Amino acid sequence: MATVRLLSDEEAAVNPAVQAVFDDIRATRKSDFINNFWRALAHDPAALKRTWESLKAIMVAEGPLDPLTRELIYIAVSTANGCSYCVHSHTAAARAKGMTDDQHAHLVAIIGMAAQTNALVTALQVPVDEAFLVAG
Amino acid sequence: MATVRLLSDEEAAVNPAVQAVFDDIRATRKSDFINNFWRALAHDPAALKRTWESLKAIMVAEGPLDPLTRELIYIAVSTANGCSYCVHSHTAAARAKGMTDDQHAHLVAIIGMAAQTNALVTALQVPVDEAFLVAG
Amino acid sequence: MATVRLLSDEEAAVNPAVQAVFDDIRATRKSDFINNFWRALAHDPAALKRTWESLKAIMVAEGPLDPLTRELIYIAVSTANGCSYCVHSHTAAARAKGMTDDQHAHLVAIIGMAAQTNALVTALQVPVDEAFLVAG
Amino acid sequence: MATVRLLSDEEAAVNPAVQAVFDDIRATRKSDFINNFWRALAHDPAALKRTWESLKAIMVAEGPLDPLTRELIYIAVSTANGCSYCVHSHTAAARAKGMTDDQHAHLVAIIGMAAQTNALVTALQVPVDEAFLVAG
Amino acid sequence: MATVRLLSDEEAAVNPAVQAVFDDIRATRKSDFINNFWRALAHDPAALKRTWESLKAIMVAEGPLDPLTRELIYIAVSTANGCSYCVHSHTAAARAKGMTDDQHAHLVAIIGMAAQTNALVTALQVPVDEAFLVAG
Amino acid sequence: MATVRLLSDEEAAVNPAVQAVFDDIRATRKSDFINNFWRALAHDPAALKRTWESLKAIMVAEGPLDPLTRELIYIAVSTANGCSYCVHSHTAAARAKGMTDDQHAHLVAIIGMAAQTNALVTALQVPVDEAFLVAG
């Protein structure tokens, strides 16, 4: 159960700023479905608008990484941060964007491998090699 | 400074099990360079072999995700886990595999966006939507 | 479900050390309610006493930060650490100490913003500016 | 050392979008100092603008939490996320906004206490009390 | 609910590589019980085999740390990483290997203490003492 | 560099409450060495005393887990929390209490294995088996 109530469509309609974001989510995603994250965030219309617009710019707009790759990265971060909701929602999003079962299994294996070597490096306090310090 | 000494090539050569892994790293990567992570892990030859073989299976062998995408996911996990060494080494690896500056910037933006929504979701304790619970 | 049983009032009453802490929690909070955290911790009366006394010194006693600010900080840490129980219990505590919905929304926005810039900084491995290194 | 070069003022001046953000940071903070975070982020002018504008809306604009409290929350999140740069920069910012040594010590004690009880709760897997589940 | 289906014994039997690992888990543990983790991982038979063999080498085979100590360390890491499933499964495993209630309480206290001092150190950004930098 | 100055012995001597803790640390550890953590924490004499007394109760006093096992758990938590200082100081402490190189390597392997399976479980969102839900 959330620490705030989830706004229904009726409640969202009361505030034009919220309604505008909900409309844009629906138009952008070509779906009537508004997931719980936005319904919880909608208590703060400015945060709702800011977050949705940032997400749209990073995850939806044209960009150098393709939509599926973006979702894989999102799942990776969400897993490392232990966000159950985010793992569920972005795994569903990745599947909707064409992620196959084999790709999902590969993603999961990479996440596990990275978590392991991250821990080994931290336990051993390995110093960064000079060769890696040449910035872009 | 590491919590263990980093093995030099001379020290690695003393143990055939270590030497064999170092040889395979060099042959696989077509480079003489062995980074500090392996030199720190080499005190435990079984762990060295196990970790390298898993990494090779997941990051080098044929698979459904391409080599650059794998590195982007690795950077994402390493960032979320706060592993400075790993961020440096895998950012270098991604660049060596063709990551452009624009792709790097996009990756960083996704990592930041995911971290933010992960935190918002956790603060708001958003319950998982039914729609996301249909497993593969 | 907890990894230990939650002690009932009857079980707590069997051990005077546990009973004394439960009594002090009730007296301090002016409420009969003992939340599950203390009932789980009560299997280790020394830990129960130590934790409660530290919490009382830091969160209840007079101090330079006011009670509501303390709860906001507690929520922030609990969110970043992904502790669902703690987010729920301290959000309830903050509301009981007067946190408004607007303050809660502001808190959540700050937590999200900090999580994002934390991730950006780690991905970019930004070195600390000299100007920030002048200690207190 | 960063994974990207830090942009100098001269390089920032080449791109009007970057220059505009740097100008606004200087005007808003009434200081000529631009810290390394922005110089690293400036390679992605859209991210630079988006991040600065969100930060300004959340940390600088009028709002229900006062500026010092916001910084305390930022330090708390940054500590829990293990971001050394962010702990340094926001501790400096909090001092600039009037944080006393006693307030800093209190903040640190709360962060430590929260981290401890977060861990105890997770180890004991304490279930959320019904009483905490009444959302706002 | 998992992001993949949990394989039943019937489904596992279809793939000899999966069946072989399930057989080895049962033989090694001298129990017919296969917990959900392996049933979720079994969609990737290579990952299943690799993970089980690594786990067996580290947690079951002869080694310098005794089986119960290994489980205590596993619980500690799982708690710090916020993995509810892992805390539950390894607490059960530790009990099966003889962990007493007093040892569990001591473990939990150490985990909490470490989490607290970790946070204090990070908030204070304490530099490593020279005396600690003499590697093994 | 710390966010507070590290107290010298001369500065510690000015405050009897700080001096008393420093004296007890030296007497308990039978060593004149006071590491930086305590010198940073000493700005808050109450926190210094509370933290030292808790640490002494949990890490030094008689208890069901032996001193070396306690340090191994401390290293495990500190690694998962990414506390470089704590990994260094407790690895040194474990060595001083007799940890062999083989035990250290085993510890590191367990930490890495746990981090990996924690991540796999979170990515797959594995539900807790009924069999693990029988509390102590």
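Descriptive notes on the structure:
Order as written gives the chain letters A, B, C, D, E and F; numbering starts at 1 within each chain.
Going forward, contacts are C-beta pairs under 8 Å (C-beta built on N, C-alpha and C of every residue); 3 or more make two chains touch, one makes a residue touch a chain.
Every value quoted in this text rests on a predicted model; they were computed, and no experiment measured them.
Under the contact definition stated at the top, the chains bordering both chain A and chain F are B, C, D, E.
Comparing the CA-atom centres of all chains against that of chain F, the greatest distance is found for A. Think of it this way: of A-F, B-D or A-B, only one pair shares over half of the E-F contact pairs by residue number, and it is A-B. Among the other chains, the CA centroid farthest from that of chain B is the one of C.
Centre-to-centre separation of chain B and chain C, using mean CA positions: 34 Å. With centres defined as mean CA coordinates, chain D is found 21 Å away from chain C. Averaging Cα coordinates per chain places chain A and chain E 27 Å apart. For chain D, residues that reach two or more other chains under the stated contact definition are 1-4, 43, 47, 51, 54, 77, 79-84, 87-88, 91, 101, 104-109, 111-120, 122-125, 133, 136. Contacts between chains leave no pair untouched here, as each chain touches all the others. Those residues of chain F that touch chain D in the shared complex are 3-4, 43-44, 47, 51, 77, 81-83. Listed in rising order, the residues of chain F touching chain E in the complex are 1-4, 6, 33, 35-37, 40-41, 47, 51, 54-55, 58-59, 63-65, 69-70, 72-74, 76-81, 83-86, 88-89, 91-92, 95, 100-107, 109-111, 113-129, 131-134, 136.
By the touch criterion given at the top, residues 75, 79-80, 82, 84, 87-88, 107-108, 111-120, 122-125 of chain C touch chain B in their complex. The touching residues of chain D, when paired with chain F in their complex, are 82, 87-88, 91, 101, 104-106, 108-109, 112, 119. Those residues of chain B lying in contact with chain E across their complex are 1-5, 43, 46, 50, 54, 57, 133, 135-136.
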